[in-house]
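My structure is below; once you've seen it, I'll send some questions.
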C-alpha cells in the first residue's frame, strides 16, 4: 500500500555541518517506527525538516501522496503531522486547558473556541491531565509537561505523530504509563514515529527501528535484527551494551 | 585510601519552585575519578550546577577542603579549586581557542608565567587545539569543542574538574581519545567528577561510580563492583 | 478683581528653550516695573499684573492646548503668544475662538497674520522689513554684486524670510543662483555649502535659528566660502552667537526688531529705550537682545491698550489695540488690519570688531556698512 | 459574561456623556485620556497580545494626522478624512508588516522605530502637499466653543471605547488566541497550526487602525500639526509605558495605565515649570524598577494586578 | 571636483559619526541595552570639555580622554546601581529605564547649564588643509583621527586583555562566563562605563565643531542609532563603517536630492537594509 510519509534523498546542512545526509525512508499507515542514534545524529533535525521548521537542502518529502517540502509548519500541522518537542515547549502563561484548546482550534478543525475547548477537555482526559486543566502550564512537573505535549499533539487530530524523546527524564513508573498512552494512541490508527534513547522503550513499542549516525541512515529494519547489527553496535550501542543485551537475552 | 576533597551531604536543588534534586550525598577523594550516571533528567547536571555555584541549593552542605561552600558564588567555587565543564561545552562565539583558554585562567593570581606554562601544557595534552589556536572556538567540530572546553576548565588549575556529558555527541573514537587524556590529567594530580550517559565509558573511566535516579543518589561503589552487578544497571539505566 | 491675569505659554524645555528663557526675562522685567508702580491703571483702580506660565515643551500642539487651558481653566484676561511664527499661528486660532486678544512677541511671518483673525497683534514688523533694507544696502553699496545664494531652514519663519529675500533680490535685478532648503535638525551643512560655493555667489543669505547659523558660519569658513556680503538671520543679533563663532562674526549682516542703540522716547513704564536697556542690565547683567525686548514689549503694548480703554473688557481693549499709536521703548507701535506691526523700521545690523553695529536706518546708524570680503 | 459586557458598555456611555458636562479643563484632560487610552490599547494588541515590541505608534499616528489634515484641506468632511486615516494606516501597517514582521525582538523594535523617522523626513520634504516644516492648518469645526470641546471629547473617548471593545473581542477570538500563542512561543505556535504570518499582520493592522483614527481626530482637534510634533518618538514610547504600568496583554490594564500616566504627567507638569520632565523621568525609572519583570511574565500583572487579572476560561 | 569635495565632506563628518555611534553600539552589543541615554552622555561630555576649556584653556581634542574617564565613572555607576537590577528582563524594560534616565539627565543639564548654545572657540583656530582642488577642515581631521585612535584602543582592549575577553564572554554566554569566575554584574558595569567613555570622548571632540546644548542630545541619539543599524548591531568595526557610510550617503543625498532630503535617503536605505539584512552591513559576531 502507499506509504503515509515518504522521504527521498533528504539532505540538510547547517553551515559546514551536514546534519542529514541523503536520507531515504518511508512510513506505512498505522506503523510504529523507532528512530535511534547518538546525540547529534540528526534525529531532531529530521523531525524539524519533516515539520517544515527547517527546509531540506536536497531531496523531497511527501505526505499521503503530496509533497510538503515547501510548506510552512502551520500548513503541515493542519495536514495532519504532529510532533512533540524534545525540549518541551508549552505556552507557559496559558492554562493547560488553553494550551490544548489552541491546538484543537488551529489545526484540530474545531469550528469555534467553545468547541475547541470541549475537544481539548476530552484530550486532557485521555492523557490523564483532566485534574490539572486549570493550572498554568509552567506549573506542571516534567512528566506533566510531557503529557501536555502529547495532549496538544493529539488535539491536532494527526495522521502522523512524531514523539521526540517523550520519555527522556521520566522515571520507570512514569515511562510505563507513557508507554500505555502511546499504545492506546497507536490503537486509534495513528502512525507513530518514536525518537528514543531508551532501548527499553524502543524494544517494547516499535515494530521497526531506524538508526541515524552522523546524519546518515545506517540501519532500517525489525528491532531485534537492527539491534544486533554490527555497524549499529559500533556506531551507537557500543560493545558493552551489546554484551549486556546478549546477557539479558533481549 | 586518599583524603576527601569534596563532601556533599543531603543536597537539595530546585529551579524556582521545581525541585529537581531531592537528596544527593557524594564524596570525591583526592586524585580519583568519580563518575555520576543516571537516566535523562535524573538531576545530574543540576547537581553539578549546584557544585559550581551556578545554582543555590535549598538545603545541604558542599564541603571542599574543610569549607562549606553551599550557596557561595561561582567565583568562590573557582577560587576554591573547582572548575565546571558544562553540558554542551558553552564555548564563547567570537573568541579564538586561545582566548577561550585564557579566560579559563580568569581568576588565577599566580602570574603570567604560570598561566603561559599551563597553556603550553594544554596544547600538548590536546595537539588538535594547538593547530587551531586562532580559530573561532565555536566553529570547530564537536569533539574539538569538547577538548577545548575541558582544556578551558583545566586552565583554572582546579583541584577538582567537573565534566557534564563527557561523550555527548562525540564519535566513539574521539571518546576513547578523551578517556586517555583524562587518565593523564588525573595522573597530573587533579581529581575528576564526570557525568556520563554511556555507562560503559563511565565504568571504564572512573574509580568510583554514583548512580542518580529521580534526583537522588541511590547507589554507589567502586566501578568494578557496580559493573559486576547488571541488575543495578537494568534497574536504573533502562538497559 | 484686583489683579490682571495674563497667560503665557513658554517653551521652557525642548528645542526652543533658549528663546523661552529670553521671553520670560522680558515679561518679568515689565511685570516688576508695572507692579512696582502700583499696577495697571484701569479707570480708578490699579490692577497688579500676574503672569501664568506653563511649559509647552517646544511642541506646538501642546501650546495650542495650553492657550485653551489658560483661557478656560485659569481664566486669564489676556494671552501672550508662544515663541515664533509657527506656534503663534497655531495658537491664534484658539485666541480667536474665545475672542481673547493675544499679543505676539515673536511672530513676523505674514502667513501668521493673513488668517483674518481679530484677536492677534504682533509687535514684530513683517519679514520683508528685513529683506528690503538689506537688499537695498547690497544694491547701493555693491553695484556689481549680481549673484545671490539662499539657504533656508525648512521651517515656517526661516522659509518665509528666505522667500522675502528672494523677492527683494529679484526686484533689484539680482540673480538668485542658489536656493535650497535644509531639514530641521540638520547637523552638518558641508554638502549644501559645497554646492552653494560652486555657484560662487556675491551675496549669501542663510536663514535659520542660532544653532544652525553657528554651524553654517563655521563650515562656510572651513570650506573657504567667500562672498562679499554674508547675511545670517536669526542669530548674529544674539550675543551667544557672536561668542560662539568669534572672529568669524566679522562683517556678517543681520537684522532684528530691536537693538539697544535705538533711541525712542516712550510713554510706557520704561519711559525710553535707554531706560529699558539700563533696567535690563541691572536685572540680568547683560544687554537685552530683540527677543528679550519683545517680551517686555508685548507687556507694555497690552498695558497701554488697557489703560487707554480704561477697562479689561476684551472688545474695548481690542479696539484700542486696533487704533494703535503706542509710543513704546520698542518703537512706535501700530498694527496693520492683519494685526502685524507696521509702524517702525527695524535696524539692520552688522558685526564689526565683535560688536553689533547698526548700519541702517541712517538716523540711528552707529557705523558704516562694510563690504570687506569674508575670509 | 454578556451581561458584564452590557454593563461595561452602559457605564462607558454614561461616563462619556457625564464627562461632557464637566468644565473645559476636565473635558480637555478627558480628551487626552481618550487619546492615550486608545494608543495604549492599540499598542497592547501588537506589543501585548502578540509580544512584538512595536515602536511604530508615532509613525501611524503621524500618518493618520496628515491624512486627515491633507484630506480636509482637499475638502473631505472630517468623518471621511478620519476614516481614511485609519484605513491608510492599517494598509500601511499591512505592507510594513510583510517587510519587518519576520524580525524578532530588538530587531523588530529597531525596524519599527525607524519607520516614524522615515515618514517624518518624507513629510518634511514633501512640502507642496504637507506644508513641510511649516506645518499644516486644519479647518475649525463649527459649533460653540464648548460644543467643539465636547465633540472631540466624545470622539476620542468613543475611539477608546471601540479599541477596548476590540480588545475584549480579541481576547476571546481566534486571532487573539493565535497572537497569544505567538507571544509565548512562535515556533510552538506554528507547530500547532497557527498561521503566524497572517496573525501577526492582522494584529499589526488592527493595532495601527486605531492609531490612525486617533491621529486624525487629534489633528482636527489641535487644528494645526507639523512633522516634529506628530512623529514625535515619545508618542511611541508613552503607550508602552502605559501598557506596562497597567499590565501588558491584559484587557483593562492599558486603560488604567493611561490614566495613571496622564495623572502623573499632568500633575508634575502643572506644578513644576522648570523640572517636570526630570521628575517624570525619575518616576519612570522607579516604576520600571519596581514593576514585575519581563514582557511575557508581566502579563496580567502591573500596578493593578487585582483589577486587571485575566479571567480563567471556565 | 564638486563630487570629490562632497565625498571628502562625507568622510570628514563620517569620522565624527563613528565616534558618536561606537559607545552606543558597544552597550547594545554587550548588554542588549538600547541606551536612550547615549545622546545626553555625549552632550555632557561636550559640556565637560567646554568648561575645561573655559576654565583652564585645555584643548578639548586633548581633553577628550578625561571627559571620557569622568563619564566612565558615571556610566559604570548607573549600570551598577540601576540597570543591573533589570538586566534579566526583556530589552523593552531596560529601554524604558534609560528613557526615564534620559528625561532626567536632559532636564538636569537644562537646569544646570541652560539651553543656550555654546561653542568652544580655539584660539588660534585650527584652520583648514587647502589641497587646491579640495579643502578639508583641520579640526574634523584631528577629531576623527583622535576618535579613531580611541576606538582602536577600545577594540584592542576588548581583543587582547582579560577584561575584554570577559566582556565578550559575558555577552555571549552569561552562565558559562560566571562558571569561569567572571563577575557578571561588575563586567556589565564596566562595559556600560566604556560605552559612556566613548560618548564622553565623542562629546569633547564634537565640542570644537558643533554648538553644545542639552537640546542637541536627541539628534545625536538618532544618528548613533541609525549608524549602528547600518553597520551592524554591537560591532565596533560595524559602527565605524556605518559612521562613514552614513556620512557619505547624507553627503551625496544632499547633492542629488537637495539638502532637505539628505537624511531621507539614509533612512530609506536603512529600512531596506533591515528588511533584507537585519544584522547590518557587518554581521554581529564578536568585536574589533
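Labels for the chains are A, B, C, D and E, by order of writing; each one numbers its residues from 1.
Just so we're on the same page, a residue touches a chain if its C-beta (ideal position, glycine included) is under 8 Å from a C-beta of that chain, and two chains touch if they have at least 3 such contacts.
Here the structure is a predicted model, which means the values were calculated and not measured.
Engineer: Farthest from chain E in C-alpha centre terms, which chain would that be?
Structural biologist: Between chain E and the rest, the longest centre separation is with A.
Engineer: Using the stated contact rule, I'd like to know whether C-E or B-E comes out ahead in C-beta pair count.
Structural biologist: Between B-E and C-E, contacts are more numerous in C-E.
Engineer: Compute the centre of every chain as the mean of its C-alpha atoms, then state which one is farthest from the centre of chain D.
Structural biologist: B
Engineer: Between chain B and chain E, tell me the centre distance in angstrom, where each centre is the average of that chain's C-alpha atoms.
Structural biologist: Going by mean C-alpha positions, chain B sits 43 Å from chain E.
Engineer: How many Å are there between the centre of chain D and the centre of chain E, using C-alpha atoms for each centre?
Structural biologist: So the centre of chain D lies 32 Å away from the centre of chain E.
Engineer: How many Å are there between the centre of chain B and the centre of chain D, using C-alpha atoms for each centre?
Structural biologist: So the centre of chain B lies 53 Å away from the centre of chain D.
Engineer: Which chain C residues reach two or more other chains?
Structural biologist: 13, 154, 181, 183
Engineer: Pull out every residue in chain B that's touching 2 or more other chains.
Structural biologist: none
Engineer: In chain D, which residues are in touch with two or more of the other chains?
Structural biologist: 121, 124-125, 132, 274, 276-277, 296
Engineer: Could you please specify the touching residues of chain A with respect to chain D in the complex?
Structural biologist: Residues 51, 53, 72-75, 77-78, 82-83, 85, 89-95, 97-98, 101-103, 105-108, 113, 117, 134, 152, 155-156 of chain A touch chain D in their complex.
Engineer: Applying the document's contact rule, which stretches of chain B touch chain E when the two form their complex?
Structural biologist: The contact residues of chain B facing chain E are 52-54, 73-75, 77-79, 83-84, 86, 90-95, 99, 102-104, 106-107, 136, 152, 156.
Engineer: What residues of chain D sit close enough to touch chain A in their complex?
Structural biologist: 172-174, 177-178, 180-181, 184-185, 187-197, 296-297, 299-300, 312-313
Engineer: Per the contact definition, I'd like the list of chain D residues that touch chain C in the complex.
Structural biologist: 23-25, 28, 32, 121, 124-125, 127, 132-135, 137, 140, 145, 148-149, 218, 222-230, 232, 269-270, 273-274, 276-277
Engineer: Applying the document's contact rule, which stretches of chain C touch chain D when the two form their complex?
Structural biologist: 10, 12-13, 53-55, 57, 59-61, 64-65, 68-69, 72-73, 86, 89-90, 93-94, 97-98, 111, 153-156, 159-160, 181, 183-184
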